[in-house]
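What follows is subunit A paired twice: with subunit B in the first complex and subunit C in the second.
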Partner chain A sequence: MDLLNALVTFLNFVFIPAAAYGAQLALGALGATLVYGILRFSNFAHGETMAFGTAATILLTFGLQALGVTFGPLPTALLALPLGIAATALLVLGTDRAVYRFYRVKRAAPVIYVVASLGVMFIMSAITRFLVGVEDIQFTDGARFVINARDFRDWSGLEEGLALRSTQLITLVVAALAVAALFWFLNRTRTGKSMRAFSDNEDLALLSGINPDRVVAVTWIIVAALTTTAGVLYGLDKSFKAFTYFQLLLPIFAAAVVGGLGNPLGAIAGGFVIAFSEVMVTYAWKQVVAYAVPGDWVPAGLLQLMTTEYKFAVSFAILIIVLLFKPTGLFKGQSV
Partner chain B sequence: MKNLLLAASGLALLAGAAAAQDAAAPKIGILLGFTGPLESIMPNMATAAEIAIAEVNAAGGILGQQVASERADSTCVDSAAATAAAEGLVNGGVNAIMGADCSGVTGAVLANVAVPNGIGMISPSATSPGLSTAEDNGLFFRTAPSDSRQGEILAQVLTERGTTDVALTYTNNDYGKGLSDSFTQAFQAQGGTVSITVPHEDGKADYSAEVGSLAASGSDVLLVAGYTDQGGRGIVQNALDTGAFETFVFPDGMVGQDIVDALGDGLSSSFGTLPGSDSPGATRFQEIAAAQDLDGTSVYTGESYDAAALMMLAMAAAGSTAGADWTAQVEAIANAPGEQILPGELGRALELIAAGTDIDYVGATAVEMIGGGDSAGNFREVEFGTGSIETVRFR
Partner chain C sequence: MTTLPDATLAKPIARPDHLRAVLLYAGMAALIAVTGAAMGWNYALTVVNMGLISAIMALGVNLQWGFAGLFNVGVMGFVALGGLATVLVATPPQPEAWSAGGLRVIAGLALGALTVVALVVLRGRMTAGRGRALALVVVGVLGFLAARWVLDPGVLAVEAVNPSVSGNLGGLGLPVLLAWPAGGLLAAGAAWIIGKTALGLRSDYLAIATLGIAEIILAVMKNEDWLARGVKNVVGLPAPVPQEIALQTDPAFVARAASLGLSAVDASTLWVKVLYLGLFAVVLAGLLLLAQLALKSPWGRMMRAIRDNEVAAEAMGKDVTARHLQIFVLGSALCGIAGAMMVTLDGQLTPGSYQPLRYTFLIWVMVIVGGSGNNWGAVLGGFLIWWLWVIVEPVGNALFGALATVLPPDSPIASHLQDASAHMRLLTMGLVLLLMLRFSPRGLIPER
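What follows is the complex of A and B.
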């Protein structure tokens, strides 16, 4: 019985939160890694693209709610998501036409793209703030919990509760679906194959008759879909605040680099590595250990490897270790 | 280009001369964070200060002149912006600053602008204990009590409710750290235990790690020294969702209708404290505020009214607008002995001062200065019902 309590505590405070956070990071990192692999630059505006996509979806969700449309136990935002993706796709395609295409034609160095994307970031962040403001916005509706901590305690007779929010479950399911669809697209369809060819060797791809404008446009549309989905899932799970999305940029890039920039599989692995290490290294293991060992072995201390202030140091330490020993990331990506 | 430069420097000279001429005229700068994390409460605080100024002007002003005022934005979080705003006020002829609001920017403005220029400051809401010992040449006062007072009060409330063991999380800034330290000290002195202390950063992506550690401590009660629309709310939300805690203790930064609206009946067994008083002045101030379409119960409005009133009464008593002169009078005006002055009686106070009678300014918040520029403070103990905040008692 005590081992069960230990397991439930671990699931409730470590596994479920870290898995949901990891899935959000993985989706974000997938978008960043696609831009890096195919368009060949680190997109600083990535967090703000997520914020814009979420803002657009929020406005559409409020519109749907005002019309009385809901999605049963699921959040209405999922209904609004496709339209939000379309709005974001228009924005990034417009940005590409107005900014990045100019540098692509000139074959500019990657660092110039990066600085240009920094400028795009400022403009996008301003657009988002004009659109929905700077306040904290909650836009989740429908059932809040799949498993409620108190109900679980009553049902199982255990001392510890287990909570699974519907948004956490939705995040994991939608992330899995999105990743499966992306891999099917990249590996099985003609357009996906041409994108991979373009990523491997641009000149060779051009020689074999691949239309670069089409590859770029499709990439941006996929990136818009991934970022908007990641942003909306994150916003549903926590809440929407424009400033927080800007701060998401760091863990997302850490995830993409740890996994191997340009490698989609690596981005997913990286997202989970960052999320789990942030939570597990700073978790106080006292409670779990107290349930798992006989009574008189229970430690007096908190069994915390590092206090939570160092949460971000953990992701960066992992980033540095990976770059020192495997400069191309855990999965073979492009070296930075 | 040359002409333009000449014209510009000429204008600057003229402006400087104009400022120098007005230097003696009483003008109060209202330096509050009209943008930034606390932008929702600042307009009310500024209006409260302006009500006090209008009241004095209606009674004929001080030193034979009407009192002018000017608003400026402290941003609450950006010390450089607050310093620039305060310099703008000083260049505009301000000779007293009602502000700043948040502790960090208040310290910056005090050190960079007020002390070098000899301008007196009274803050209505900066509560960091660090400001009690800041190098201020006696120019700095505040009408809100220092967090070390609130830490003691919170420890008392917990002990009286029979709680001896709490987990604590604080927002990692001057306010959170100061409050956490003073609470821990006071609580331990009363025999309580703080099982774990976890700082949190505001505006971050995820608070699972913090809540996991707090839950592992084994305590049943969580004290959250944070903000209602920042990490504090994220932590409480996460703790409720995972079933880690059901009872929360909130200091002033976490008591607000917005968190009740966001979390609903999740807070039904929680309680907290915030500055507030049941003195006759508080009711009187609420009536005055209501007449001006201001919510007199909004946080720190009474303190703002008192800060502005104290400044003007001290200037009248000193017969001067120079910082060193009027700040020397603040304690005498605020404390007994003397005729008690409530809100709405500023005109009578000015008459008494002119007649040479001693006054004891009570104001909206029962102001009592206890040295070091600190106010003794009065606290309101609140309980969270279903969708509402109820006052239980005053301390």
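What follows is the complex of A and C.
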């Protein structure tokens, strides 16, 4: 029995990866929930927007690296990120002008927007694939570890090592900064307040002289920033593959719905709920248990509830449970 | 006594929208004829066969979206279930695997199903509150663990039997044509379960739920090797028509082919495709007829009334959720039938090849372009968009190839363009969908 080793194993294989993944999902879900709150539709092109932003950032990163520019111990991609966000913002603003604005002026039913977002999804996925193809791309550089497993073992004298990859720490720090900036913007600035007013009651907001075009444009720019950041962090932490980003749509939607669609605070909570459930259900607990209980109690199996291939089933199950028992989400979201 | 003037008794003349439909179908036939002349009839027949299958899928989505306004983006899952049914019905059973652990697997699955039933019953019987939540969690976790405890050794035993060629339980060894209705039933069963939970919630939620269920169905089919070999694929499925090889060794057939001036190989590949075409056309015609009758019946009118104004329909005493469930199941069944037909045509089940863009969202493009709410439109959309999807790649290749000859051959742009032509179809489909939705939202053949 060795609780300290059990704890380190848990931190190493469950807590840290799930926290990083949760932060990535939270940023993605924030974007989805903002689109829902202000533009009032579920954006099926959300995953592809993430993929496009990441692809643009990857190209810029490669460009910077070719010029010999690096960011010291940090990944060069962080230097390219602002430009990637700008490219994504241009794309989504262009999409809004060319596609969604027409339906907004017509006051079309929400489901028409969703169908339109399917078309946008096709086009964005084509653009992303034109840019970087369909293969797996690794684009992280700089220092690999903040805490190295072997150094930790030597320092602590424990059997288990604790590794903290720099991409994981960067994910958590960048996500915290982004969320802080977003909440400051929504709660303290005039534009942010007008966005919240628009989300709460569109007609009342229009009556009080809020310019809807401006609110929509600002929303898209923020969404571009959030999705690109989420996508780049996910890509740094794991790797970039166009199809994987499409599949992220499900956990992101699940996170947004679980937290309460249209509620930014809920989206963050939802992201972590989904990420922790996914990792904990698909993790093989045998090693943790082997440390935590006396030797002859250790079961023979892997103690894995589901194999990792079923991670989507986890998001889905949580989604269904929340929808059945608390349709407005854990935090009160909109229910139209 | 006044008599009615002749004009009102005269037969109605062909209406402009009928003429439009006839012209559009004639145009579609011309497109296929041009394709056949330019790229060979073998190619054209392949396109037509897949077009027939796509048309059935589009018909299914049109039932759900066009008649009832249900947003199902899990088409891929139902199509894949239809394919699974082909394996489960048509492949021979594996007695060795059954004796190794078949019963254990079935018992494990039954236990899992029983847990779900228990959860549903508990939820209905107990009053809401902490007690119920606790009971549900306890029953759910215990049931899941028990099911896994029974299931897992069975799965291991089954998958250990002859893993390189089978490693699964096999099927029933029935004629493959039975797999088509079976595929419909399997998809319908899955749709009933999903509909029971997700219908009655908001439309976006149904969309997200169906998106998820499709991914889960695919995950099951990829990972549960005991079922249909997972990503190891099932190949060599029995065919409902004679095989090309058999025809080529049949002297009578060879002689007939020679009298038409065709080689035995060409004639056999064409003939097999024509036979499939006949089978598929019969199925499509039957389903189209049923869908048309349904649309014109009081039931169809009720469906459209519900779609156009749920509140009013409910006030008139219509059970909106039950009708939605009904049409959701029916539409998904059509997708399942089409999926079974597709796997029969391919002769193999490859779970790795199912992509949502191809099997869910492309079908949506077909329905929107063809005309949602109009069965003839959906069928036309199925043919037209499938044709476009197939033709864009060679056309894009030729286009980019021509561009590349202008550029120096070793330039990175030239090679990049060559790779990029593969993604032309995504771009085209997106543009077609957005342009139709904007400038002709009711589709090529609009609902009357």
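In this section, the second predicted complex is superposed on the first by the 327 of 336 C-alpha atoms of A that agree within 3 Å, B and C clash if a C-alpha of one lies under 4 Å from a C-alpha of the other, contacts with A are read in each partner's own complex, and residues count from 1 in each chain.
By definition in this document, contacts are C-beta pairs under 8 Å (C-beta built on N, C-alpha and C of every residue); 3 or more make two chains touch, one makes a residue touch a chain.
Owing to the predicted nature of the structure, the values given are computational and were not obtained by experimental measurement.
Aligning the shared subunit A places subunit B and subunit C in steric conflict. By the touch criterion stated above, A:138 is placed in contact with subunit B alone, subunit C being left untouched. By the touch criterion defined above, A:316 lies against subunit C but remains apart from subunit B after alignment on the C-alpha atoms of chain A.
By the touch criterion stated above, A:248 is placed in contact with subunit B alone, subunit C being left untouched.
Of the two partner chains, subunit C is the only one that A:327 touches; subunit B does not reach it. In the superposition on chain A, contact of A:120 is made with subunit C only, not with subunit B. Judged by the touch definition given at the top, the superposed model places A:307 against both subunit B and subunit C. When the two complexes are overlaid on their common chain A, residue A:14 makes contact with subunit B while staying clear of subunit C. Looking at the shared chain after the overlay, A:90 reaches neither subunit B nor subunit C. Taking chain A as the common frame, subunit B overlaps subunit C at a single listed stretch, which among 113-121, 149-157, 293-301 or 329-337 is 113-121. In the superposition on chain A, the residues of subunit A contacting both subunit B and subunit C are 243, 247, 307, 309. Across the complex, subunit C is touched by residues 41-42, 44, 99, 102, 110-112, 114-116, 118-127, 129-130, 133, 243, 246-247, 249-250, 253-254, 257, 261, 301, 305, 307, 309-310, 312-313, 315-316, 319-320, 323-324, 327, 335-336 of subunit A. Across the interface of their complex, subunit A is touched by residues 69, 71, 73, 144, 148, 152, 197-198, 201-205, 207-209, 211-213, 215-216, 219, 222-223, 355-357, 361, 364-365, 368, 419-420, 422-424, 426-427, 429-431, 433-434, 437-438, 441 of subunit C. Chain contact summary for the complex, subunit A toward subunit B: residues 12-14, 17-18, 21, 135-136, 138, 145, 148-150, 152-153, 161, 163, 165, 234, 238-239, 241, 243-244, 247-248, 251, 275, 278-279, 282-288, 302, 304, 307-309, 311.
Looking at the complex, you find that subunit B touches subunit A at residues 172, 196, 198-201, 203-206, 208-213, 215-218, 229, 233-234, 237-238, 241-244, 262.
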